[in-house]
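Before anything else, here is the set of structures, which you'll find just below.
Each of the next two complexes has chain A plus one other chain: chain B in the first, chain C in the second.
Then we have the complex of A and B:
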């Protein structure tokens, strides 16, 4: 009992260690990255929010993440509905295909997308990167929405149909509302899959940097506390959003189980 | 709600899943306003038949007709039927009112008429005052009443119910059984009711269709099904019965069977009755009746349920007894 609590505490400490270092460093007023900071201030937050290059990279990433999440969420949700209507053999095969991007290493996907983009002359394109990110996020949407969809009573859609609703209307009124929180949760997860993604972006984006690419490039030349400020800022944003997503996901599953 | 109903008919409907048939050349005519129950053991094809009628499943062969028109090519939303599901299938995110109003909205009923119609439907199922609740906050019985109200609110000429009482406990089941009868009598809708509960089938229906392994065994009035079963399966499935080789009852040499209901046997049979002599093997006192088994000379055992009467003492276990019944109470079966 005592030992297991100690191990648990050590595990948590290990996981949080980077954050415990980075957060104080971001509030330093020193010229160089160092721990512990010798003076305190918001200098580096000001540097981040005041620098047009950082801001451009941030907004580029946000835009890509937004569209990638939108594409992955719509495609994944429709995919799940489609999987529910086909034979079991096709379902197994297609599910595997949808999940594949989560299993194949990102470097391999990056290389594949890069080669494909080359042959279409579509490298260095935000659109290509958006779709690549959507593919990376698809498995998470399929898993999260799929879990909720399986809990929805298939008679609900039939009930809507006999009540006079067409297939699309029946989906929108009977199936979608109960799984909507899971769909929103999936969209949030998908958003951060794209927002965090470095490897594919490195392969595809030459000129226009996304935020992770900008951080990567910045780190190679000098180590400066701006990165600590950015990290801290996004650790909090991501934590809040992911907590919300997880809450929504759990709530859907629990609610669907009750009825 | 005006009386509004339509006849329906299955004509040689077959449904195959791979090499197995869920339904095999199933034909059944249901008159307008009739209450017909599909009764059969699990896997006999009842749900399949109902789903083909509702349009959820496509028949492999044959055609279904509603109001004299073939509907096989129509999607469910254009068949104009009402349906009640076993697990209620209420929309969980909608209030009771919105659930019941849904078919009206889909049919583009003017807004000002919706309130009155929903109120009327809820009144018909004896459920009022809960219109703002979500289905999750209702009891099982209340949910099924809402589901019923939703099925009848748009006055569909045909009402389908698939095991719609089996999720409820016994008392509620009996209560709703009467309620459904009453609603049928009030609305005059054609009803196709699916169940595997024979007492439900016998007590509610104008006619019962008995299915087994995808085939229709017999369609008839409940009392006729009970008194004149057409096959061994029906005799055995509906109520309790004794199936004896015909040789044990008559002197026919043909390979046939005789069905004798336990409650038709009586002690001290008359001279015109068919007699059964045997040793009482088992005997239980059940208040109004005494039930048990008689071991016949030929080795068969015969269940009996005798009315308890002071004048006729009931044989004890181990004693020899003679029971009998009029020949007309014995049903001869070929298969």
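Then we have the complex of A and C:
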């Protein structure tokens, strides 16, 4: 029992290793990368927040992620409702299609979207990239919202309809409220799928870099400590948001199971 | 339920068609027609030793990474599942947090640690264990370590969710009947958890096949995977050849999924149904 605890702790240590390195490094005031840092400061945070190129890339990524998440969440949630209304054969086929982008390697989807965009002259377009990211996030929305939706008693919506609510009103007042936390969780997941995505952006965006593309281009030439500051900043943002998403997701599932 | 609400699948359908199905179809057209039907891209891929070795290397890296993740991840999942229920969410959370970190960031951390003037070399030099810095960055070893670290949480979670489905009463029954803990594990728990472990292995294998960030940043020249080749060919505007390689990658993914299904239905389902 003792030994297994130690081994498990070693495994967790391996998983946390990057965070344990990057976070202290980001607060270093040394001119060169060394560990542990000899002097401390916010030099690299200033370098990040003070650099218009990094900031432009960050805001570009935030904007794309926001819209991609909105599109994926709305399309995915409506899709789940629709899937419940169609025959089992179609349902299985369509579910497979919606989930497939999570299984097929991103490099392949990126290349395909790039070829498609080329033939319409739609490369270098934030709109194309946003929709491509939405398609990559769709499987996660379908899985998260779908799991919650299956737990909802469909009699609730039927009752609302019988009582005179139109289909939209029945959905908004009877079906949506119990699955809303799962929808929010799905939106958060979708946001970070887009925010982290590198390869589609790399193929599609020639001039305008997203944050991952900016980091990628930077890392290929030098190990820049600014990236430690950016990483630390977003590790905290991501962890807080994802922890919230996970909490919401698990709470919905548990609550719906109890009903 | 009103049949009128079927239309709500349309936005998702449009998104998946335009941004997934059509692009994948276009890859086939790009690889096979130039403008007449041709297999030259595939002949080039399988005819040149360079590309063959990249293909072999991709399969080898995926196999080693998936196996290493299984060997580390299965015991970790087992550890979590055998803790008291109130501890489990916290332990699972510890495994999940690193998963939310961007792959770029995690790769960057390995660059910092393994570099010539990196942390590990610095520590080893200070301790007097080595005289000159070791070459650790830009090696195959660096690729393996970083990929295992990045993919391990997925293995733990897949194994864990399979293990929570297991009826622990069966293990207790084996113990009551006189089996020792090792024997009860080997003959009851292990077979029941095998499907989850195999699924985890296949998921990691498939994800590894598509990797390109890690080998590009911490690997050497010979550590390129098929994903790197695709990215390089796109940069050189050889779209037809890149598309052919994408199809090879897709085929490898699909073949593995089919094999897994076959294996699972042949060896795993039937004994499980007999035992329950």
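One rule holds for everything that comes next: the second predicted complex is superposed on the first by the 259 of 259 C-alpha atoms of A that agree within 3 Å, B and C clash if a C-alpha of one lies under 4 Å from a C-alpha of the other, contacts with A are read in each partner's own complex, and residues count from 1 in each chain.
Note that a residue touches a chain if its C-beta (ideal position, glycine included) is under 8 Å from a C-beta of that chain, and two chains touch if they have at least 3 such contacts.
All values reported here derive from a predicted model rather than from experimental measurement.
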Room on chain A for both chain B and chain C (clash or fit): fit
Touched partner set for A:196, first chain B, second chain C, both or neither: second
Chain B versus chain C as contact partner of A:174, first or second or both or neither: first
Contacts of A:165 with chain B and chain C, given as first, second, both or neither: first
Which superposed partner A:155 touches (first chain B, second chain C, both, neither): first
Dominant toucher of chain A (residue count), chain B or chain C: C
First, second, both or neither for A:4, with chain B first and chain C second: second
Which superposed partner A:106 touches (first chain B, second chain C, both, neither): second
Contacts of A:146 with chain B and chain C, given as first, second, both or neither: neither
Contacts of A:243 with chain B and chain C, given as first, second, both or neither: second
Minimal inter-chain CA distance - chain C and chain B, angstrom: 5
Overlap of the chain B and chain C footprints on chain A, listed as residue numbers: 158, 161, 167
In the complex with chain C, residue positions of chain A that touch it: 4-5, 7-8, 11-12, 14-19, 21-22, 25, 32-35, 71-72, 74-76, 78-79, 81-86, 94, 97-98, 100-101, 103-109, 111-116, 118-119, 131-132, 134-135, 138, 142, 154, 157-158, 161, 167, 171, 192, 196, 198-199, 202-203, 212, 215-216, 219-220, 223, 227-228, 231, 234-235, 238-239, 242-243, 246, 250
Touch list for chain B against partner chain A, complex: 54-56, 75-77, 79-83, 85-87, 89-93, 102-103, 106-107, 135-136, 150, 154, 160
Chain A - residues contacting chain B, complex: 153, 155-156, 158-167, 169-170, 173-174, 177-178, 255, 258-259
Touch list for chain C against partner chain A, complex: 1-27, 30, 72, 75-76, 79-80, 89, 91, 93-98, 100-113, 115, 117-119, 122, 149, 152-153, 206-207, 209-210, 212-213, 216-217, 227, 230-231, 234, 239, 242-243, 246, 249-250, 253, 257
